[in-house]
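Chain lettering (A, B, C and D) follows the sequence in which the chains are written, and residue indices restart at 1 in each chain.
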Amino acid sequence: MKGSLAIIWAIGRKDLLLEIRNKEVVVSVAGFALLVLVIFTFAIDLNQGNAKLVGPGVLWAGIAFAGVTGLNRAFALEVENSTLEALMLAPISRDLIYLGKALGNFLFIAVAQIIVIPLFAVLFNLIVFRWEMLAIALLTTLGFSAVGTLFAAMSVRVRAREVMLPLLFLPVVTPLLMAAVESTSHMVNGRSWSDMAQWLQLAVAFDVAFIVVSAFIFQHILED
Amino acid sequence: MVSQATQLAVKAEVVVKNFGATSVLHDLNLELPIGEITVLMGTNGAGKSTLLRILATLTQVDSGTVSIFGADIATNGPAVRALTGSVLHSPMLYADMSVRENLMFFADMYRLENVDDLIAQTTVMVGIEPRIDDRVRTLSHGFQKRVALARALMHDPQLLLLDEPESGLDSQSVDRLDRILDEYRSSGRTVVMTTHIVEHALELADRAVVLFDGRVGFNSENPQRDREAIQEIYSANRISISSLESQPQ
Amino acid sequence: MRVTNSVPRAGALRIALAMIVAFGVAIAHSSTSFAQDSSVASGIVVGVEVDDSGNLTRFALSDSTGTVTTFDLSFETKYGLENQAGDRWVSSQGEESAEAARRLRDHQERFAPITVSFANGVASSVVEREEGKLETNLGYLFAVFGITWALFFAYVLYMGTKQQVLQHEIAKLKSTLG
Amino acid sequence: MFKVLNLLDPLLVLSAALMGVTLYLIFQWVPTELNQGAVQRILYFHVPVAWGSMLGIFVVSGSSFMYLWKKNEKWDRLAVASAEVGVVFGGLMLLTGMIWARPVWAVWWTGEAKLTTALILFFIYVAYLMFRAYFPPGGQRQRLAAIIGVIGAIDTPIIYFAANLWSQAHPPIVTGPAADAESTLGSDLGMVLLASTLAFTFIFIYLVQTRYKIRKSEDDLVELKRTSTSSSMPAGAN
């Protein structure tokens, strides 16, 4: 018997392989997020004070909106050739499929952030290359992919899929978004871990709650 | 391992499945013994594909119970799926991965050992080894169907579920499929399939089950002998359904 | 099916009646504590009386008809008064009586109107009169009531239409089925 | 129309009577709150409506959970009915709140924790209803909608906690004349609120019940259509 982790990793690795071949998801997420950032540099007078004030919000709003399009795309790819059903035919429990797909989505959004965040630093003239940023980005991406994978699987059969996913996804992740924006804002203002501790704890609680609940609930979503 | 003492490959009891206002399966009861090839027949929309999807655990029943080799599929999903191989309507393959990559990925999903040998054997059996390193996207529909068959056979399932496996296959491939199914039966395994080629199915099958109005209309243990009766029911059903549809609202 | 239809309402009705009874008891209980009448007067301050330590003891108010009323104060009298800049000061007689006197004198000098609610000649609260604002505020109040009832009405109408169409269709289908 | 609405429903009659009492209390009986003036009377509508929307969310998540557990259509009907009525109440809550806040706080909207939470929850349950409207009919729709209902319930405390932290970091802008004033009404306020809340609760129950019946009719219609298309066998579908 191969372990569950091997199965999860196999699904994630397969997603990564497909992504390397057609580059659809990462390019759409990074491209969309960058566009948001660039448009804001025109829309707002970015002196140092303004950049610190609005920068974190713009960054995470951009990533959230871009992430939705990416999640949509990622699940559509799995449904196009009914390959999701092939996964469901495998003798594995459905929570492993969820965790594997969530891992794939996590990797995509993380890679997109590796492109977006440095460019954010350049455009907004803010120092973001700190360990705090890594922690914030990891926690937020984890929550995004946990909730996003669940809702993407749910909206896949909806007529207006492109509309439905953000409508479900964005309100639910609002607390996580607040945590990301607030801790980033603490960070660019040069404050320490202890100032953002409460927000990071909130993000951890959110991630744990939704990963557990989603894995538990996922089998009800797939079967029709 | 799921117990096989019951000697029934498939047992469905009062299965109901609706999709909104459409009733697909209605109090369906069915028992299929181990070691037979069963052909499911019926007009379009009679519920053949839905029944196969339920057996493959892709669709949940609204009510009733289904067990495979004595295990309730609602509670033993993974164990039942390990004993089952399915080829349904779509080939269900990743278009941007090669045949080998697809098979290797699914071998991981089925937790198989000696993957390379297994893939070599299976691809020879279904006749796809010349193009094993081509992307699935570049293959014809018939070829993709054969890859799907390889995926379904790789883990040596006890129960094979096939939804119109001949569609898109040339006559050579259909013969190859027949040989594989024969082999399967002779090694004591079970096949449940649907087909649109009734004549061919009746020759091959040990049992023919005609679905009508969401339940078993006719269950023949000797399709060759009952050929005419089946044909008759088949056409009678068609008439009664079309006459119903032509009634004014 | 018929049974499930009527059961929840019977349950809801029982709860409703229980709530009504509870409410009736509550209102009867409270009305005893609400025996004394209380009323409100508005006008400008015409006199302020303080004791030796500068604490407010009494003040006089002239309302729009020119009637002058003198109000006594209790320990609980509340103040909500603004200075000329509009900063609001909120306190009570028990806490800052001297400041209250200063504020009222300030109002007297500015002819700034105040509103007093009182019972038996004792003021219970002395606050800034928001002249003119009352009328616009009434607009807000009626907007709320209008919107609430319009929305409820529209929603009920929508549900009625929907149910009617459905029942019509059901009846039609039943009759064709015989 | 009036027959299907069952306007003589005891609940509706009861709530109408109680609403009359409430209106009397609001406009005749209770004295004007001195700091806020007449506009304070909005609260006698706002608070019960907010309570109704909370009740709606509570019932949606409870019955969604029950549906996932028991798989009984009854719970799904209750969930969809209270979600819809809850959204109507929620919309009213937001509107009346804004209209009250404008003269009292001098802003239509502010980042106060309860407001933010209410708004986000409102969006979640609007999405719940939209999901139901867009998803193809069948057992899966009920199941997925129930999952959204449960997720909304799980998210609620997290949202409130986050909104609370947020409003501590960004103090709400309330600069109106009576922003900090305490109520001068005391127990009278509670009395009128109690009456008003009761009246609105009955309206809530009446609306949910009406919506529930519509859902039931829809199911009956689907059932009839199903039997009418598959009753060709002499054995009959029933």
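To be clear about the criterion, a residue touches a chain if its C-beta (ideal position, glycine included) is under 8 Å from a C-beta of that chain, and two chains touch if they have at least 3 such contacts.
These numbers come from a predicted model, not from an experiment.
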Touching both subunit B and subunit C: give me those chains, sorted by label. D
By Cα centroid distance, the chain farthest from subunit C is B
Could you state the distance in Å from the CA-based centre of subunit B to that of subunit D? 48
Roughly how far is subunit C from subunit D, going centre to centre by Cα mean, in whole Å? 24
Inter-centroid spacing, subunit B versus subunit A (mean Cα positions, whole Å): 38
Per-residue multi-chain contacts in subunit C, two or more chains: 176
Out of subunit A, which residues touch more than one other chain, so two or more? 223-224
Two or more other chains touching the same residue: where does that happen in subunit B? 60
Classify the chain contact graph as line, ring, star, complete or other. other
Touch list for subunit D against partner subunit B, complex: 136-139, 222, 225-227, 229-230, 232-233, 237
Spell out the part of subunit D that touches subunit A in their complex, as residue ranges. 68, 120-121, 123-124, 126-127, 130-131, 134-136, 138-140, 143-144, 147-148, 150-152, 154-155, 158-159, 161-163, 165-166, 169
Inside the complex, what are the residues of subunit D that reach subunit C? 1-2, 4-5, 9-11, 14, 18, 31-32, 34-35, 37-39, 41-42, 45-46, 49, 74, 88, 91-92, 95-96, 99-100, 102-103, 177-178, 180-182, 184, 187-188, 191, 194-195, 198, 201-203, 205, 207, 209-214, 216-218, 220-221, 224-225, 227-228, 231
Along subunit C, where are the residues that touch subunit D in the complex? 4-5, 8-9, 12-13, 16, 19-20, 23, 26-27, 30, 33-34, 38, 40, 78, 80, 82, 88, 90, 115, 117, 124-125, 127-128, 130, 133-134, 136-138, 140-141, 143-145, 147-148, 151-152, 155-156, 159-164, 166-167, 169-170, 173-174, 176-177
Complex interface listing, subunit A residues touching subunit D: 150, 154-155, 157-160, 164, 167-168, 170-172, 174-175, 178-179, 182, 198-199, 202, 205-206, 209-210, 213, 217, 220-221, 223-224
